[in-house]
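Consider the two complexes below, in which chain A is the common component and chain B and chain C are the respective partners.
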Partner chain A sequence: MAVNTIHREPPEQSAYRGVRRVDHSPQIFNNQPARYYLMWLLLPAVLLLAAISLYPFVWLIYMSLHEVQLAPGKSDLWAGVDNFTRLFSDKSFARGWVTLFKYSALCLSVEISLGVLVAVILNNSRLEKLFITIFLMPMMMAPVVAGFLYMFLYNGTFGWYFWLLRSLGVLDGGTILGNKSWAMAGIVATDVWQWTPLIALITLAGLKRVPQEQLEANMVDGAGPLRNFFSVALPNLYPFLLIAILLRFMDNFRFIDTILIMTGGGPANATKILPTYLFDVSFKFFELGRGAAIAFTLLLLTILLGLILTKIFEDPTRKIKTDGMD
Partner chain B sequence: MTSVTIKDVWKYYGKTMAVKELNIEVRDNEFLCLLGPSGCGKSSTLRMLAGLEFISSGEVFFGDLKVNDIPPRDRDIAMVFENYALYPHKTVFENMANPLKLQRMNKTDIKERVVWAAQMLEIEELLQRKPVELSGGQKQRTAIGRAIVREPKVFLFDEPIAHLDAKLRSHMRGELKHLQRRLETTTVYVTHDQLEGMTMADRIAVMHEGVLQQLGTPGEIYNHPVNEFVAGFVGEPPMNFLDCRIEGAGDSASLVYDNMNLALGGEQSRILETKGAAREVRLGIRPDDLTIEMGTDHGLELSAKIFVTEPLGGDMLIEADFGQDRMTIKRKIAELGQPGDACGIAVNSEKLHVFDRDTGEAFF
Partner chain C sequence: MFHVPKNALYKTISRRKFLELGGGAAVALGAGSLGVGLGSVISKHPVHAASSMDAKWRQYEGSKLVFMSENTPPSFAIRDNIKSFYDLTGIEVEILTDGLPTVQQKVGIDLRSGQADYQLNYVQDKPIGSPFADFYADLNEFSVDDTLPLDPQGYGDNVWFENFLDACGVYYERGPIRAFPYDCAVSCTFYRQDLFEKLTKDFEADYGYRMEFTDDTTYKNMVDFAAFFKMMHERDSSIPYGYGQHHGSFGWTTQLDIQRHMYAQNQWLDFAVDDTLGSKNPGPANWGDAQSVKSMAGYKALADVSHPDNLTNGTLELNTVYAAGGVAMQIQYHEFAASVEDAEQSVAAGGKTAYAMGPKGEQSWNVATSNVVNATNCGIGGIGINAGASTDLQRAAFIFASWACSHETQLMVLQGVGGTPTRRSVLDLPEVKAARNRPTSMPNALTFEAVYDKGIRSPNMVLGPKLPKANEYHEIVRVGTQQCISGELSAQEACESIGDELNAMHGV
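Moving on to the complex of A and B:
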């Protein structure tokens, strides 16, 4: 900054250089009062936001440490870490985690690979704009509506998908959502249908930013189209994929509308992911303290996984490596 | 290690014509420079050689092999891009190893080749760095390294040193030329900088608006430009042009400008006569082929006034006005005339060029 401004100095001033210090720093640093003024202006909004988001969090921790009483007039009983220690021996809690990971991993892997594939096809298509509009429609739908739509499609009397699977002979007995091994696939398919477009869209934006010259250089170096995609385009897509994965994995950990509508966690707990179990504990058994403890573990793990993912997908070009040759 | 033949090649982008009926033969091991101003179709030509751009019509041969329909990866070429096009997620080593890896060369051989190239380009200490940690010159060396590791049939360079600073550019000119001689690989080098063309190339192809103007050695291009465009594009400072009239005929024609009367040699006069030059022509003369003397009683053909002087250290550029026109003169001696001083200019008539005023074609 200073280097540039020196040239713009009027000649009279440069004669004084070395004698009188001419300050070329940007305005904001000279005008300290301006910054304080801004801070005071922002303060109410910041405080309000902090209160709104902090209050439930503090309340969550309070609940997790108490046996919350629902009857009016009764005060909550201090429980210490009891709510947490009880989780260790809770089989449903452990199974909830396993099911959640299974569900989330299935959704993510199918959505990412399918989304990237769709994005690549769209990127090379003349009808890109039209297809984007069509593809966006599932995303616009409320998850509950998507759930109802798929229940309709899976229905054992008139559902198309049910009919299709039956005709193909892959589904031998029962309905899709009533079958222990098919129910998970059923809800994953719903999630994939609704959210693959989002990933495709994010990836498409990333594909547009892959430098053409790098692709061409790799072609000249001797790479075919597939190789070119995996060794040049994909690494350039990492930051975009990170965003997509973060969004989707956090959603999978939060959204249970579709599952509640479609299976409610059944059959035989086959689709009872942890948040569904949490829902049951808090709002069916009304054990709010224990529910809060479960919620707290869920929150912690979401944050932890988020951090890990960010680390893995960290833009490799930004990493500075200073060691010499091996 | 092959010749490259460009035969009747045209390139259209939709309705825009980028290259028109191009015919060039690049000889085996030759360093050929495609030279021309921005937008003249140099990159388009090079990209057609690389297979990155469809050839609208015409044929390209590597040796006897027609390559029109061969994809870039099977052409056995190496290309250096204007913006280097390094892979940001790979280290310098991995960048340079990429073409070898794609050839499925084994690891020890790859390492040997890369280290060899890195030593040649003096970037061995940088092999573990990522492109973001490199300076412009180092990036450029890496890009060249990636091109030379695998001994391709043809090198294609698209303004590889255009983004470097002046000093590094002049250094890299020498390095690249030396490298090409040492590797003995057919090279097509695109640039808009005539100095690069003149200093590095075995032959230069000057292009303008998609059309090849002249193909020849730097000496031929400089001393015998075929038209006004080539004459004005090559040479620094550029050639002076002056609208003149031909007077006299036969063996003793002369060029007349204002009160200047420049007698032409017998052969020059005959050429003008046989080629049927119009009366009105354009004289072209390089700044080096003018003599200047200060004062009013110089006895030289042109009387002028100094407009400005530009000392270049050893040489001196003098711009002088006479009538409506201005000429640049380059001299060794630093005669320090002041702006406004009177001077006389003499033309070295053996070195002058005469162009048709309408077509721009050179008579000589």
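Moving on to the complex of A and C:
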């Protein structure tokens, strides 16, 4: 297509001799005859995107600035920023954020550690394909089904995990989902069980791209496997880990199916992460204006945290790319 | 685009043909979506007041309605017997059922959208009726329309059990009736009589009185019973825990559970409002006053000796625990007697379970007076008609609502999967009177003495507040109560927290 043009620079000026570079610069339009019909071709896709994402976004902002009326025939009332200012005094809102960060941090740290470990163990092993297929199975399950599965496994009357933990003496009195600390651990464990395979899969793909010559050179210099992993493999994995972390981080901010099924946010709000509270406000209390305000703050913070995460991983990524080109 | 061998047997599809096929598929999908979306159909055969009853029943022959209901026995029974309604009227009714929290959300979205995809709704009094009352048609207009096949018993307050019509049909003002009582779930105590008899001597040795359940058994006695069973369970795991509470993820179940406990002491109410009407401006909450704190402390004492899964068991889960032999007592809704008495799914069946009113309040837990009652509460599930539907759809829906709440249909449901009648006349039938004693073919009837003869009578019955923000109110009470039970807050802190949040919700 016209937007991707292949340049060949003079050999003496090119740092990437023999490498075909794809230039994405919009300046290429200046060198091309105007082909406005392309805009018309793009129009249906743009309109479709606008309909499915832009319109709801505008509607979200509208609702967040109104007191959305439920009674038939009543018009929505202008609320200004009231729905937002009210959030400052909403204890459940603040608590929802704290719980969300706690939940997300726990899930991410355990999943990344385990996922990378599983990938390293599986990488180039004899039964790699078989094991990865088996490990991927939880990921294929709908989160609702995973929620029901673990709810039954944790059940205090017939749950197998409950029986196991009780038999081992780990769980003294109470049950897994009936205890505030255990309930959080229970939903984190469910998330870890379901989504660690995704991290492992992405990391495994990354491990395949680690330059063999770098590993060998490091070994020649006397590095052991551990040193090799931290000095060579891990830096090469940064771009892949960034993708994995971003995906899981955003998923934790969006997926509430499992929590709704297992605890509904309880006991005593111990597992009520902000998106669960948002669901309650919007579809249980039908406070659509307040719900929109919460959703808007959630969206903004997700974008902001996404940018921060990208920034954190950006420098090593660039360094690796440059190193690889030299 | 792709390599095609010269001797390929298939033919390529031209661009024109491809577009034609794509267009055709899009039209077919669009038409199919519309067909699915517009589930209802109306077909009208005009009648007059003087027309025959048969003509009035069949005036909407060929129509189709959708009824969104909770997955309760009456809806299952009616769905199983829907052919009799179709034969009578020629109207096809699709009955969709789901758990109450999901029904609440689906119905809320449908009502809010104005599309009226569900012309008939299960109007559970507090979670659905209270927030959405204005979206339902006034049934008074239909119940005096002599071009409709009206029920010979009528629809007045006197044909239903006391307070039932008010509970599910009247919201915030006298006049409009938003729903007819379709089914009811009234609380009563289910207890393992066999275990009580077996263990009473051991209990008496420890506590100095017999372990019996009577109308005068108090919540303090329940704490003793539960503590004794818990102690026995720790010695011998084949003996169940004593008691279980309702604290599932659905806020209403917890609110109902603690409501009974609070009302038993001094007939305490959350707000100073008439519960038969409810209020859009209920004023300051009573949570945080001395009586609420003392009652909450009693509730916490009971929770401390109850089943360890207390904070996760909702109503259905608690009944499963009871049926599995996990607890010896539960305060449960009488519709669950059918499952408890089913020997295939319950170890408590076959005469092991006895039924009684809810426990009485404990006088020593009262702050001012000695007024204590056997608090009983309920969920009255009404059937309402979406006011957003067309007039003819509403009339056709009324024909179904009237039939579904009729004496004959309620008897059919009771004889089938275990209904919960709302019409007084059903209980007067000789076969229903006989079914109150074992052996019985209508297991729910075993609870009728505790429920209809005693529990729902004044002063025991508490309806609970109807508020436009009922679901948020339930959630606030649930969280505060669970914070107390889990030890996060003291009884006083929990009550004050609930009061503060309710007042903030109402802008008081």
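Keep in mind that, in the parts below, the second predicted complex is superposed on the first by the 280 of 326 C-alpha atoms of A that agree within 3 Å, B and C clash if a C-alpha of one lies under 4 Å from a C-alpha of the other, contacts with A are read in each partner's own complex, and residues count from 1 in each chain.
Just so it is clear, a contact is a pair of C-beta atoms (placed from the backbone, for glycine too) under 8 Å apart; a residue touches a chain by one contact, two chains touch by 3 or more.
Everything numeric here is computed off the predicted structure, so don't read it as measured data.
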item: Partner chain(s) touched by A:287 [first = chain B, second = chain C, both, neither]; value: second
item: Touching partner for A:80 - first (chain B), second (chain C), both, neither; value: neither
item: Partner chain(s) touched by A:224 [first = chain B, second = chain C, both, neither]; value: first
item: Partner chain(s) touched by A:72 [first = chain B, second = chain C, both, neither]; value: second
item: Touched partner set for A:214, first chain B, second chain C, both or neither; value: first
item: Which superposed partner A:232 touches (first chain B, second chain C, both, neither); value: first
item: Residues of chain A at both interfaces, chain B in one complex, chain C in the other; value: none
item: Chain A residues touching chain C - in the complex, by the definition given at the top; value: 70-72, 89, 91-92, 155-158, 173-175, 177-180, 260, 263-270, 280, 283-287
item: Residues of chain B that touch chain A when the two form their complex; value: 50, 52, 71-73, 75, 77-79, 81, 83, 85-89, 91, 93, 98-99, 102-103, 124-125, 127-133, 146
item: Contact footprint of chain A on chain C as seen in their complex; value: 101, 104-105, 108-109, 112, 114, 131-132, 134-135, 247-251, 307-312, 320-321, 324, 326, 387-388, 469, 471-472, 475, 478-479, 482-483, 485-486, 488, 501, 504
item: Contact footprint of chain B on chain A as seen in their complex; value: 211, 213-214, 216-224, 227, 231-232, 235-236, 238, 316-321, 323-326
